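Each of the next two complexes has subunit A plus one more chain, namely subunit B in the first and subunit C in the second.
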Partner chain A sequence: MTPPRPGRDRGLVRPYVVTEGRAHPTRNTVDLVTLVMAVRNRPLSGLNPEKRRVMELCGGGALSVAEVAAHLSLAVSVTKVLLCDLIDSGHLTARPPVPKAQRPDAQLLQEVLHGLRSRF
Partner chain B sequence: MTQHIPGAVFWCLAIVTCVALLLLIRQYRITAALRRRLRLGEADLLAREEEMRHLAETRLPALLEASRDAGTPSVPGPLDADLLATTYGKSLQRVVDQLSSVGEDARLRADKSAKATLKAAMRALQALASEQQLSISEMQGRHDNPDVLQDLLEVDHANAQFGRRAQAVAVLCGSWPGRQRAASPLLDVVRGATSRIRDYRRIKVHSRVDMDVVSRAVEPVVLAVAELLDNATRHSQPNTTVEVSIQPAHNGVSIVVDDAGIGLDAREIDEAARRLSGRENIDIHRLGDPPQFGFAVIGVLAARYGFSVSVDTQSPYGGVRAVLFLPNALLNRVRFMGPPIPLQGAEVPPASSSLSFVEPRTEGAGGPAARTSTAAEAAARPGPSEEPSPFPEAGAAEPSTAQVLPRRRRRTPLHQEPGDPADPARSGPPLVRPAAETASRMGAFARGTRSGRDASVDNERNADQ
Partner chain C sequence: MGSAPVSDPVYVSDTVTTTVKILVVGHFAVGKTTFVGTLSEIRPLRTEETMTRAGELVDDLAGAPDKTTTTVAMDFGRLTLSESLVLYLFGAPGQKRFTRLWEDMLHGALGALVLADTRRLDHSFDIMGLLEEHGVPYAVAVNHFEGAPVFPEADIREALDLLPETPLVTCDAREATSSAGALISLVEYLQTRTPGER
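Let's turn to the complex of A and B:
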């Protein structure tokens, strides 16, 4: 759904350059739905462009790992390496995903359905 | 009568003797002249023989040697310069000239056919490498196991180098670099080049420039920088780093590659400058064994795309400083970012083009006052609130950076939801994330359709949407 960012060619910078050759994230607690948030006022010096982009993306609130990966146009496993680095350096905080919502009330759904039917 | 006979005889004899003497003298002179001519002739013949021997034993082998090895044939001249004026000398010279032109023709033909063959072969390899890169990328996305990813990264790295080699040879043989890419930030171009060399971990890139390289120049510049980086890493100790800095200039940008390697001597610098100029016709047979493609490839690309490369300065680290100068014609949207990275505190937008479509909108969103208010709103937001820092302070502490920086753009859509979601006329700061923007537009569209269809607006249900 998200169009590729203009001026960004996927095949140009290869993932091993992005992660400096590492494939193992420093922690194994991060999965697809882990939410990461940027810690404010951390210096961005020494971060590579992808990490800066992560900080930029996560500056607005929590994002899931999968979302970050999609925005960066990187593989999820590569993104995990980056995110773990950023968590280690204190740029990001991770938290487990939001718990599943309560099962919706069947009665309410029924009402919504009726409402929609009567409208259209 | 008889006493006259001896007198007559005497006179006769005297006359005969005189005549004989005269004849003898003439004969002697003729003989001397003949002898002289004979001697001269013999000397001439000897000289010609010598000349012919010189031709067969020295000049022609030298000619062959010259056509085989060096660029400019240095055939020794004739032994006897006087001979050159004669028909014989001219004929000999013609023989040499014709042989040399035949040799040159044969060489050109061989070069051409070798190049055509190599080009075709390398194009096929290049296509395979690209295909393989695609499938490696897919695999990287598909496998979540770090061990698998590690292997894939290694395969990817080897494949990238393989692709670059094939590409370099193809370019040298007159092919085009082979990939059409979107205009890319200079930093990505340099990192792309870093991706294609063996010791990519030793490359340190410092960029002060945020500019895009135009689409048609991306791949050639990537290839040229990759060759420079490859030279730099190959000719320096494995424990040293290679520093790349991207520096703005008046009418372009320089990519400076410094290594701490062994450097070049004067002869090598001359040779390199000759190849890098791209003016000389590259003969793939003369690139040495193993062939030194690097500078020749860069020269070809530089001449074709209009950038320039020099390696004639010494690096402050003791090795070579290679400078690739990109003129403005090959660059887009010149923006100078100021100092590379502030030492502490401030956040700097990434040196990529992501800024390009963010920055103007952020400026339109308001000054520090607006920032502080949005920050305060965010602090009061009921959402995930583990961020420890007090936002108003942050906004007040760094008004200057806050003005420049695009921050917390996602806050607005999140914030709209609890407020009054059904108000389509509300115009908050524009969204940055295309997904969110698309969603909100589709929502607005749906709402518009609905309100158009139904004249009586039911606020209660709209609020649910």
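Let's turn to the complex of A and C:
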């Protein structure tokens, strides 16, 4: 199964592609604390070595974008490009940082506070 | 292929649906790395970006051109706050130049804790200015170092030109309860700024 690349084919490319592979902030795509995890049983053929390393790491469970970068000793900017590609190709899924609609800011802060108070 | 890529990752629990981040910032040697390490449940991690001196990002996979590059690093740690919620703490040095890594860190951050040292309060100005410029709410935590002068709170507030509502606390970044207390002060302050709006 060839991963679809609808964006590139139709010219609906995201900013970091437009900027010649540069990891543009991609504000709504991946954040430092976006969690990514591997989709099971996706073929790894055709992935470059860096992407294979990402898949190997992410096969074990969920990690934030920042953690992936640190564990693989890659720059965050490079990591984001790799992760976006792997999300596009269906190898990874991403969980956005805050499902905002579900948790209004006030409730979120209350949960943070409660968590801190009960842990320390 | 097949070389182990990984420094023993500790994965985030499957039940986690929400991640948030708080920045821990301040000048060199103020205690950022210590603070993050004290509170993190994982061994603190570090990432770096290579920039040209002009502030451009060098993100070619093949690596940086040899000449005029510099490295911007951040330390970060993780704290599971409930079954569904994880807090990441990002520690990064203040910088005159606003870098891509800074933009990444600030984006979506709940707020920032500015660590300060009474021996050089003026070293905190740059970072406070950067946070204000980008609308990131912050609290100030004075780390007490042995031999550092102890000033009345009012004097520190004046020296740092703090708004009356900005929390000013003291903390020992080597100590978990004390460091958590500083974070709690910050989050309580954030709550006062979020009166159920939106």
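Methods note: the second predicted complex is superposed on the first by the 69 of 120 C-alpha atoms of A that agree within 3 Å, B and C clash if a C-alpha of one lies under 4 Å from a C-alpha of the other, contacts with A are read in each partner's own complex, and residues count from 1 in each chain.
Everything below uses one rule, namely that contacts are C-beta pairs under 8 Å (C-beta built on N, C-alpha and C of every residue); 3 or more make two chains touch, one makes a residue touch a chain.
If you're wondering where the values come from, they're calculated on a predicted model, not measured in any experiment.
Once the two complexes are overlaid on the shared chain, A:Leu109 sits against subunit C while remaining clear of subunit B. Once the two complexes are overlaid on the shared chain, A:Arg95 sits against subunit B and subunit C alike. Contacts of A:Ser64 after superposition: subunit C is touched, whereas subunit B is not reached. Contacts of subunit A with subunit B, set against its contacts with subunit C after fitting on chain A, overlap at residues 21, 23, 25, 35, 49, 52-53, 56, 60-62, 71, 75-78, 95, 98, 112, 115, 119-120. Subunit B makes touch with subunit A in their complex at residues 133-134, 137, 140-141, 143-147, 149-150, 152-154, 156-157, 160, 181-185, 187-189, 191-192, 194-195, 200-201, 212, 218, 222, 341-354, 356-357, 383-384, 386-389, 391, 394, 406-411, 414, 433-435, 438, 450, 453-454, 461, 464. By the touch rule above, subunit A contacts subunit C in their complex via residues 21-23, 25, 27, 31-35, 49-50, 52-53, 56-57, 60-64, 66-67, 69-72, 74-78, 81, 95, 97-99, 103-106, 108-117, 119-120.
For subunit C in complex with subunit A, the touching residues are 1, 5-7, 9, 11-14, 16-21, 45-50, 57, 59, 61, 76, 78-82, 85-88, 90, 100-101, 103-105, 107-108, 110, 176-177, 180-181, 183-184, 187-188, 190-191, 194-198. Considering their complex, residues 1-3, 5-17, 19-21, 23-25, 35, 37-41, 43-46, 49, 52-53, 55-56, 59-62, 71, 75-78, 93, 95, 98, 112, 115, 119-120 of subunit A touch subunit B.
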